[in-house]
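Listed after this line are the structures, all set down as C-alpha cells.
Both complexes shown next keep chain A, but they swap its partner, so chain B is in the first and chain C is in the second.
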Partner chain A sequence: MRSKRKRRFIIACLLPAFVLFTVFMVYPTISIFMMSLYKWGGLSANKSFVGLNNFKILFKDANFIKSFQNSIFLIVVVTLVTMTLAIFFAAVLTREKVKGQNFFRIIFYIPNILSVSVIASIFSAIYEPQRGLLNGLFRLFRPDTWTNIQFTGNQKLVVYSIAFALIWQAIGYYMVMYMSSMAQIPNHIYEASGIDGAGRFRQFIDITLPLSWDTVRTTLTFYVISNINISFQLVNIMTQGGPDGASHVFLSYMYNQAYNNSSYGYGLALGVVVFIFSFGLSALINLVTKRDTIQY
Partner chain B sequence: MKNTKRFLALFLALMMIFVVACGPKQEADKKEPEKVEEKTDVKEEPKEDKKEDAKEETSGDKPFEGKTLKIAGLDGGYGTEGWKKVISAFEELTGAKIEATFEKNIAEVIRPQIQAGNSPDIIYMAIGGEGGITETMIKEQSVEDITDVFDKVPLGEDKPVKDKIVPGFLDTNNTNPYSDGKTYLAPLFYTPCGLFYDKAKFADGGYELPTTFDEFFELGEKAKADGTALFTYPTAGYFDSFVPALMNEVGGPDFFNKAMSFDVESWKGEQATEMFNLVGKIAPYLQEDTVSNTNIKDGFKNNQQAVIDGKALFIPNGFWLPEEMKETTPEGFEWGFMALPAVKEGGDRYAFTFFEQCFIPKDAKEKDLAKEFVAFLYSDVAVKAFFENGGAVQPVKGAEEMITDPGNKEIYSIYADGAKAAMGGFVAAPPVEGVDMKAALYETINSVMSGAKNCRRMASRSCRSSGKNICRITVIH
Partner chain C sequence: MNKETGRLYKAFIYLCLIILAISIIVPVSWVFMASLKANSEFQGNPWTLPASIMWSNYLKAWRDAGMGDYFFNSVITTSLGLIILLVVSIPCAYVLSRMEFKGRKFLTRYLKSGLFVNISYIVIPIFLMLLAWNRKIGKPIFTNNLFVLATIYAATAIPFTVYLLSNYFRSISKTYEEAAYIDGAGYFKTMVDIMVPMAKPSIITIILFNFLAFWNEYIMALTLLTDTKKTLPVGLVSLMQSQRAAANYGPMYAGLVIVMLPTLILYMMVQRRLTDAMMVGGDKG
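The block that comes next holds the complex of A and B.
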C-alpha cells in the first residue's frame, strides 16, 4: 500500500519534467530524423518521400565534404591549442606569484562576455587588409614593400583565421574552469613534493594535471559542442562561408542548403549527420580519456 | 489542540489560494471593460468618419470595408515611409484595414508564420534576398498567379496597370518564373546597374572612358603602371548584375534567356566561353584586397571606398551607392556611371536593370483585396509616395521624370543614352540538393579573382550545375 502510494508520488513528480522533455527534446529530434527523408523546400505542404536519398547525395557532395573537413579541423586544432594554453595559463596563475594576477584573469575572461557578432566585428577589423590591425602592424616594419596578407580572401588561410578567433574567445572560459579545479589541490602535496626535490614542471605533470583530470575530461565535451555552435555563428556573421565556400563549417552549410538553396529536407539530413557525429565524438572522447579518478 | 492547528493551517492555506486566485482576476475584471471600451472607441470613431467620408464621396461603396490585409516586407534601403503612405492612402480608399510588418530580418520573422500556414497576404521580398523565402516559394509553386492584376485599373484612375508599366518588366524570368506566359511576381522599384567611377579621374587630361572591353583592359594596364587597379566589386553577389549584362553583350538576349533556363549547351558553347574568359581576364586588374573585404563584416563598404580613395577605377553597383557611401565621400567627389563596355567595336552596351518584387502567396486569405493593393502600387499616388519617401522608382512610365538629383538623373537616363537593358535571372527550377547555380556562377568568381581557380574551371562548374538542374527538371516533369 505504502509503496504503491510512494510510486504514484514519484511518477507524479517526474511527469511534468518527462512531458517537457518529450515535447521539447524527443519529439523535435525524431521529427528532424523523419523530415530528413523528404525532398521538401520547407515552406509548403509539397513534400515527397525520398528515403535515404538525401544522405546518398550528401556523401557525394564535395561542398559538404569540404565543410566537414573544416569543422573537423576546427574541432581538433582549436581544442588542442585552447586546451594547452588554458591549462598553461591556469597553472601559472594559480601556482605562481604573478603580478596583476586578477587583472590577467579579467583580461582573459573578457572575450567570453562578448557576443559572437561583436567578436566577428573585432576580427573583421583585425583581418581587414588595408586598415586592419595585423597588416597595419606588419607594414610598420616594411612600409614600402609590404603586400597585404589576405587573411579572409585566401582560400587556404581563411580557416586558420577563423580558428584563431575561436581560440581567442574560448581560452578565458576554460582557463577559469581549470583554475577552479587547480585551486582546490591542497598545498601540502606541493610542499611535500618540493621537499622530495620535484621541480615546477614535474609538479605540474605529476600533481596538477592528474588531480584536475576530471575537469579536463568534462571540458573536452564542451569543446566539441561549443566549437560546432560558435564556429557556425562566427562563420555566418563574418565570412558566410566565403570565399567561394572555403570557410563553410557543417552547420553554416546546412543553413545555406536549407534556406538559400530551398532544400530543407537535405539540410535536415545534414543536421542528422552532425547530430550523430557530435554525439559519437563526445562518447569517443569520454571513452578514450577514462582514467581512474585520483583523489587527495 | 493539534486539530485546531491543522484547521488553522488549512484555513490560512485556503485563504491564500483564494487571495491569489481572486486578486488578479479582480484586477483583470476591472481592466477588461476599460480595454473593451477603448477598443470600441477606437474602432467606432474611424468607422463613423469613414461612413461620413463615404457619404461625401457620393459613390459610397467601399467594397473591402471591414476586411484586413496582412503585408510583410523587407525594411531595406528605401525605408518604410513610402509604404506607410501608400497603405494609409489605400485604407482610405477601400475602407480595408492593413496590418503591415516591415523588418530588416523579415525572412526570419515570417518563415515560421508561413510554415504554420498563416502566411501574409502580400510579401515584399526581392529574389536574391537573405533567407531565400521568395525563391523557395517560387520553387515550391506556392505563389499566386497575378496576371489579372495588370488588367486592373488602380483605384481612382482610368488606365489599366499594364499600360502604365514600362515595357519589358512583365516579360522577365523574375516576374514570370515558370515561362508559362503568366505573371506571378509584381515588379517594384528598379535601378539601372552599371559601372561606377570617379568622374575626376576621367576629366580633362586623365584617363579615357573605355567603350569596348579591349579598351577596358588597355586602361587596366595604364592604371596598373600608375599604381591603380582597374576593378573592384562589393561582394561576388553583385555579379548577378554584371554577368547577365555581359551575357547579353556576348550572345544577345537569346543566349541569355537560354542560359538562364539552364540549357547545358548554352553553357558549354562558344559564347559562354567568351563570357567566362572576359570575367577571368579581369583578375590581374583587380584591386588586391577585394576578395578579403567581401569576407569580413561590412567589408563591401571597404571595396566601395576603394573607388572613392582612388585605389580602383570601376565598381559594379546600383544607384544606391552614392547615398550608401555619403559619410565617407569627400566633398566635391562626383560619381560617374556607365554601361558595361561593348565586347566588340560598335557592339551593344548593356546595363542590367535590377528590380525588386512582391507577390501573393497561394494560401493568402484575402486574395482579391491583395490583388487590388498590388494594382494600387502602380497608381500615381503610390508612385509619388514611394519616390518622395525613400527615392524608390517604380517601373511606371514617366516615373523617372520625378528625379531631380543630377547624379541620379544621369544614372536613370542611361537607357535613353543608348545602353540596352538586361533583365531577369534564372528561371524557377526544382531545387537540386547541394547544387546552387547562383553560387556556382557568382561565388566562383571569388575563387577566380583570388587565383584559386581559373575561368575554365569556373565554366565547367557552371556547366555541371546547370546540367544537374536540367536533369532534375526532366525527371520531374
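The block that comes next holds the complex of A and C.
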C-alpha cells in the first residue's frame, strides 16, 4: 500500500520536469543532428535528404571559415585575457588590504547582471564614430587633428571591438568565482611562506594559483560555452556579422543561414560542427589543465 | 620588498582597480545622463552634461515607442516562467535528492547533461518545432505566445535549478522526514509543509538567478515572438535601430535605462546574496 503510494508520488513529482526538459531541450538538441542531413527551406514541407552534403559545402564556404577563425580568436584571446585579469583582480582583492574592497567587488560584477542587448547598446554608444564616447574622448585631447575611428565599421577592427565587450562583460563574474576559492586558502600557509621570505609574487605562483587551480579548470570549460553564446548575441545585435561578413562567429552565421537565407538544414549542419567543436575543446582543456589536486 | 617598491606596488594595484571600475561606472552613468539630454545636445561633444533635464524622453520611450507594453510583456513572461519553474523543479529536486528508487542515478545524470546545452544552440530547432505544432493544429498559437515563451524559459532552466536545489535538500537531516512520517504525514504533506520551508534560502537564490536570466533573455524572445509582441530586451534593440535612424537619441537612451534599472535596483538590494550563492551553485554558463 505504502510502496504503491510512494511510486505514484515519485512519478507525479518527476514527470512534469522531465517532460518539459525532454521536449524543449533534449529533443531540439537531437533534432539539430537529424536536420543537418536535410536540405530544407524550413517553412515549406519539402525536405530532401542529402546526407553529409551540407557538411561538404560547409568546409568550402569562405564565410564559414571566416566565422570559424573569428570564433577561435574570440575563444582563445578573450579567454586568456579575461581569466588572467579575473585571477589578478581576485588575488588582489583577497590578499591585499585594499580600501573600498567591497565597492570594487560590487561594481565589477555589474556587467554580468545586464542583458546582452543592454551591453550591446552601451558598446554601440561607446563605439559610435560621430557621437561615441571613445572618439569623443580622443577628440578632447586632439581637437583639430583627430579622425574618427570606425570601431565596428572597419573590417580589421570589428573583431577586436567585440572582444573588448566580451572581456568587459565577463571579468567580474569570474573574479567573484576565484575570490571565493582563494578566500578558502588558510592564512597560515601564507604566514609560513612569508617567514621563509617568499614575496607576494612567489606566494601567488606557489600558493594562490595551485590551490585555486580546480576552480580555474572548471570555469575554463564553462567559459568556452558561454563565450560562444554571448559573442553570438553581441554580433547579432551590434554588427549582424558585418561589415561584409567580417565579424560573423559560429552561431551568428548559423542564425543568418537559417533565417535570412532560409537554409535551415545547412544552418543546423553548422550547429552540429559548433556542438562537436565546443565539446572537443572542453575535453581538450580538461586534459591539458589536469594536475593532481593539492590538499591543504 | 623594500618600502619604495612596496609603495609602487600599492599604487599599481589601485591604478588597475580604478581603471576597471571607471570603465564600468562611466558608460553606465553616461547612459543615465544621455537619457536626460535634449536631441540637439547629441550633436556636439558626448561628454558634456545635459543643459536641461528632459524627462519627456522617458514619456516618449514608454508610450510612443512601446517600451511600456514591452515592460508588461517582460513582467508577464518572467513571472510566469518563474512560477512554472518552481512548481516543476522543487518536487523534482526533492524526489531526486531524498528518495530511494530504481533509475534515480540515471535520471539525475540525464538531467545534468542539460547543463551543457545552451539556449543559443537549440533556438532554431525549437522554433521549427513550434511551427510544426502550429501546422498540425492549423492555427498559429504556439509562436508569438508569451505563455509558450515562459514555459521554454522554465524548461531550459530546469537542469541548473534542480542541480542547485538537490544539493541543498541533500544537506537537510533525514530526521525531519522520519518525524513527519511518525506524525502520520503523507509524502506530499511532508514535502510541502516541512521540506520546502526549510529550503527557503536556496529557493530565494534560484528566484534571483532566474529572474535575471529570464528578464535579460534576448535570442529566444527575438526568435519566438515575431510580431509586435516583444519583451524588453528585444524591444530595446528595435528601439535602438529605429530611433538611431530617426536621430532620436534621448528616447533611445531612456529606453535603455528602462531595461537596465530594474536589474540594477534588484542587484543593489541583494548583491551579497547573489555573489555568495554563486559559490554554491557553480557556473551556469
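Everything below uses one rule, namely that the second predicted complex is superposed on the first by the 269 of 296 C-alpha atoms of A that agree within 3 Å, B and C clash if a C-alpha of one lies under 4 Å from a C-alpha of the other, contacts with A are read in each partner's own complex, and residues count from 1 in each chain.
Basically, a residue touches a chain if its C-beta (ideal position, glycine included) is under 8 Å from a C-beta of that chain, and two chains touch if they have at least 3 such contacts.
All values reported here derive from a predicted model rather than from experimental measurement.
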Worksheet item: For the three-chain model obtained by superposing on chain A, do chain B and chain C clash or fit?
Response: clash
Item to complete: Give one of first, second, both or neither to describe whether A:T218 is in contact with chain B, with chain C, with both, or with none.
Response: second
Worksheet item: First (chain B), second (chain C), both or neither: which does A:L20 touch?
Response: second
Worksheet item: So, A:S247: does it touch chain B (first), chain C (second), both, or neither?
Response: first
Worksheet item: Of the partners chain B and chain C, which touch A:F108 in the superposed model: first, second, both, neither?
Response: second
Worksheet entry | Touched partner set for A:W168, first chain B, second chain C, both or neither | second
Worksheet item: A:T147 contacts which: chain B (first), chain C (second), both, neither?
Response: first
Worksheet item: Which one hits more chain A residues, chain B or chain C?
Response: C
Discussion item. Touch test for A:V159: chain B only (first), chain C only (second), both, or neither?
Written reply: neither
Worksheet entry | Partner chain in contact with A:A120 - chain B first, chain C second, else both or neither | both
Item to complete: Please work out whether A:S263 is in contact with chain B alone, chain C alone, both, or neither, and reply first, second, both or neither.
Response: first
Worksheet, complete the sentence: In chain A, both chain B and chain C touch residues 42-43, 120-121, 124, 237, 264
Worksheet, complete the sentence: Within their complex, chain A touches chain C through residues 5-7, 9-10, 12-14, 16-18, 20-21, 23-29, 31-32, 35, 42-43, 85, 88-89, 92, 96, 98, 103-111, 113-118, 120-122, 124-126, 131-133, 136-137, 139-140, 168, 171-173, 176-177, 180-181, 199-200, 218-219, 222, 225-226, 228-229, 232-233, 236-237, 251, 254-255, 258, 264, 267-268, 271, 274-275, 279
Practice prompt. Mind listing the chain B positions that touch chain A in their complex?
Written response: 107, 111, 114-115, 131-133, 135-137, 139-142, 236, 288-299, 302, 431-436, 439, 443-447, 450, 452-453
Item to complete: Quick one: which bits of chain A touch chain B in the complex? Just the residue numbers, please.
Response: 39, 41-44, 46, 54, 57-58, 60-61, 63-64, 120-121, 123-124, 127-130, 147-148, 150-155, 158, 237-240, 242-247, 256-257, 259-266
Worksheet entry | Sites on chain C touched by chain A in the complex | 1, 9-10, 13-14, 16-17, 20-21, 23-28, 30-31, 34, 42-43, 45-47, 87-89, 91-92, 94-96, 99, 101, 107, 110-111, 114, 116-126, 128-129, 131, 151-152, 154-156, 158-159, 162, 186-188, 191, 212, 215-219, 232-234, 236-237, 240, 249, 253, 256, 259-260, 263-264, 267, 271, 274-276, 278-279, 282-283, 285
